[in-house]
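Both of the next two complexes hold chain A, though its partner changes from chain B to chain C.
Take a look at the complex of A and B:
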């Protein structure tokens, strides 16, 4: 069974790559806006369907039009954010809970809309990258790396690096970090909370939509797919430490590796149980996530 | 606090005012339908809906169900089980106590059916599910629950037998099932049949529903089984095929169950669906003859194509056949709409006695044993997707085309 270990680790890392793409922008939006967006899975689903139809109409490979999807959904996010901002900045009741309820409602509404618009069948987005795989037998390892999943990992790394650059090396990033730390103080320093929030939410929705296209190439798409990904996004972000962006890739990789190793070496039906037990243990030891740096 | 309480009371009162209250004088059958119109199993739920709808449309187009010289139209009242057994049970309770339905057309999934069956027994309202296939339903011997699709342990064995008759005969098999009532039962049915056929089972795993199974399939690949058999639902079928292709492993035969007979599966996976085997008990090309509604399987497929731009699969067909079973039993006992408890009990007796040829094949419910109230009138079929078409490849008496075996490598398609 030990000869399976390299493959188990590879599968885990590739799975982790998928989880990074699902969770990283979700973590960003929580860090800045302090809203847990329960509609994250639905943004992923809308992106997936947009990719599916664009592929059908143009016949082009979905990886080519990822930037187009980003631009479209950045616009959508930019327009939706003021509504969420209004809910969150209310003075009555508990704005945080109102935000949760609002995004939860959005998710249900989006799912219903998608069922009506796209129908109930599952689908798949064809890509030239879905065809091949790399075999490492030539270097003595029985490991297969599917090209499309490798592309997914490359995309995850690219998104992480771009976000890192944006947050650490640009003035916009400085504003975002200031906003994440203290909204009022950032305002006094000249950071426009409303506009920055809109940009951040736009970036988050754009990235989530692109992730949807990727998932459509690797797995399958359907109007109900969002729910599953919302749970994983939430899970990774809690494990990483709420709002701690740098923890997301590690939490995602840990989740992927646990799942992969458990599926191969233990009883696969207990995979999710194992994942949750590990989460609980980590949170018991370090309540603010893997690195103790969550909000 | 006090004001809040008053507001709640006012809201409730407004709701009551909004509900139209009138004693119903019915000259039509009011039929409750509980199925999964949202949630994870929404695809299957909507396929059952199409089956029930098509039956109702056809009956009403012919003027209704003729009972003692008078025709009564049918009206379907839907309740969403939300792919959740508890929601399904609550929906059944509402349909029976508030909507006062005459009888019920049942859920898509076995899990929801198992939750609804005790409710219909409690209120003594007959139900036929046109879809659920877990043997557990029939082993529980619910008096008021019937089903038009045979249980998976009855149908699954046929496919394993067909595979063992291929040349050169496969020797090893890996069996994987998703963790829900139906899919688990499918995997277990394949396991029992494989053990009986002396196929060596190299892996048997049940995985949580909706999971990415790639790591597990990587482990399966290292065991190089001749056959991989999978029990799951529609979305999982698509994921399964894609994962196998991504890890580059082509077994000699890939066997799945429900869902692959629907056009949507071949649409989703394209040429990768080619040569996949499946288990079913009906296809649009089956050689059935009937005097009730559609005369043949192909006439049904054509009607479905016209209504839904889809020829329909065995689940949809099973649901339309459930309607025909009720229709036949109602006519047999002369039951008019608005049945009381005694009449509903008579309806159950009539259902136990019917033996009717439909476009779907023979419908005859078992009245004892492990298949109690399941349809045992059908012959299970093994099918294979060939050039995008569903072809029956076993058992020998029903063969439409020779089985293609072993499967073409993914990369050479």
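Take a look at the complex of A and C:
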């Protein structure tokens, strides 16, 4: 069984890459707007289907469409955010509670719309990268790396670096971080909370949709795929510490490794339960995530 | 005056519901009414933790499923009689709430919402993959074909749930403490309350009736499987009934449950593919309620009545404002 360990570790890292892409923009949104978006999985699902149909109609490789999909869904997110802003800014009842309920409602509605439009069947998005793989051999151990999964990891690294640059090296990023720290003080310093929130939400939806295309190439797409990715987004973000962006890559890799090892050495059908137990233990021991820097 | 009138209305409704089966002999109607009453109970139970305490339990359906499966396992494998197994369904739900609540109720509401939602999925996966639950094929219970029995059992159970919750949440100090946590948790702590303990009690109080109703449902329907009792729809419908009807009240969820269940029952009879449309409508209704009627139907109705009252009689110019200021906050919740 030990000969499977290198493959398990490799698969875990690749899976962690997927979780990075799922969770990192979500964590950004939570940090800035303090909204838990229950529709994160649905944005991913819509992006996947958009990529699927663009590929179907044009015959071009879906990776070519990533920028197009980002632009489309950035626009969608930009337009949706004012509604969420209104909910969060309401003076009636508990605004935070209402934000949770609102996004929960959006998720249900989106799932219904998708099931109506796309049906219950699963598909996958064909890509030129889907069939290739690399084989590494050393001292009798073999590790297989599917090309498309490697693309996923590369995408995760790219997104992480771009977000890091955006947040650390630009005026926009400075405004975002100020907003995350203290909304009113940032407003006094000239940061437009509403517009900045729109940009952040647009970025989040755009990245989520691009991630959907990626997942469509690596795994499969279906109208009910959203819930699974929403759960993983939540798990990674809680492990990382709510709103602590730097913790996301490490939490995602940890989750990917645990899940991968669990799938090989234990019962795959209990993976979700195992992940939930880990979440439970983390919340029990270190409620602010692995690094103790959650909000 | 207000209390006695409300009591009179409730008495009339109760009497009507008790007498109804003697007048209506259609089994289908009886089953529909039984399920409608069950949903009132589920919505009210959800509101204990969501509306009164301000912590959203998106895994509400898990407790319903736990109650159903507990009854199924105890009756079909341990061969316990129904009346012994039923309370244990509530106990199982309470224990699950206790365990799940320990790490999450100490933290902000976001953690609780995420954890409870994830919990319901984890439990569903467990039920799908464990042998003693029957896996994806579900479980079959002995058939007890007596629609009248289940109608009265459901009616009495929900009636008791309503009375107990009404007393605890609207008359006992417990309810005030929960509302204090909802409005300002830090302030409540400063006043000497223990928010974590109160939230835990509230969560368990929400779980017990849900588990019991799940148990009755299992015995009544005789078949349970992961998608029917542990699926999303129980939680989704509970959320929409409470948000639409009015969070933080008892009559709001009941009103929401009646309207939405009636809507579903009527349309499901006419539209073959209504299930998908129903999901869209559920989600849209939640989103629209949050934006336009944050207090829900009941909250809006009560508030409107309160505002209208001072204007009905002529008053000196200075007094109407005072009356409005006093009346609205009192009735608003």
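Heads up, the rule we're going with is that the second predicted complex is superposed on the first by the 288 of 295 C-alpha atoms of A that agree within 3 Å, B and C clash if a C-alpha of one lies under 4 Å from a C-alpha of the other, contacts with A are read in each partner's own complex, and residues count from 1 in each chain.
Here is the rule we use: a residue touches a chain if its C-beta (ideal position, glycine included) is under 8 Å from a C-beta of that chain, and two chains touch if they have at least 3 such contacts.
These numbers come from a predicted model, not from an experiment.
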Once both complexes are superposed via chain A, do chain B and chain C end up clashing or fitting? clash
Quick check for you: in the superposed arrangement, does A:248 touch first (chain B), second (chain C), both or neither? neither
Using the touch definition from the top, say if A:205 reaches chain B (first), chain C (second), both or neither. neither
Touch check for A:272: first (chain B), second (chain C), both, or neither? both
Have a look at where A:219 lands relative to chain B and chain C in the superposition and call it first, second, both or neither. first
Report for A:126: first if it touches chain B alone, second if chain C alone, otherwise both or neither. first
Is A:116 touching the first partner chain B, the second partner chain C, both, or neither of them? second
Give one of first, second, both or neither to describe whether A:33 is in contact with chain B, with chain C, with both, or with none. neither
Figure out whether A:151 sits in contact with chain B (first) or chain C (second), or with both, or with neither. neither
Kindly classify A:284 by the partners it touches after superposition: chain B alone (first), chain C alone (second), both, or neither? second
Between chain B and chain C, which residues of chain A are contacted by each of them? 111-112, 115, 227, 267, 269, 272
Which part of chain A faces chain B closely enough to touch in the complex? 3-4, 7-8, 11-12, 14-15, 18, 111-112, 115, 120-124, 126, 130-133, 135, 142, 144, 146, 148-149, 218-220, 222-225, 227-228, 259-261, 263-264, 267-269, 271-272
The answer for chain A against chain C in the complex is residues 30, 36, 38, 83, 86-87, 90, 92-94, 96-98, 100-102, 104-113, 115-116, 227, 231, 234-235, 238, 242, 267, 269-270, 272-273, 276, 279-280, 283-284, 287, 295
Per the touch rule above, chain B residues touching chain A in the complex are 38-40, 42-43, 45-46, 179, 205-208, 210-216, 218-219, 221-222, 234-235, 238-239, 242, 245-248, 264, 267-270, 411
Interface with chain A, chain C side, in the complex: residues 50, 54, 56, 58, 100, 102-104, 106-111, 113-115, 117-119, 121-122, 125-126, 128-129, 182-183, 232, 236, 239-240, 243, 247, 276-287, 289-291, 294-295
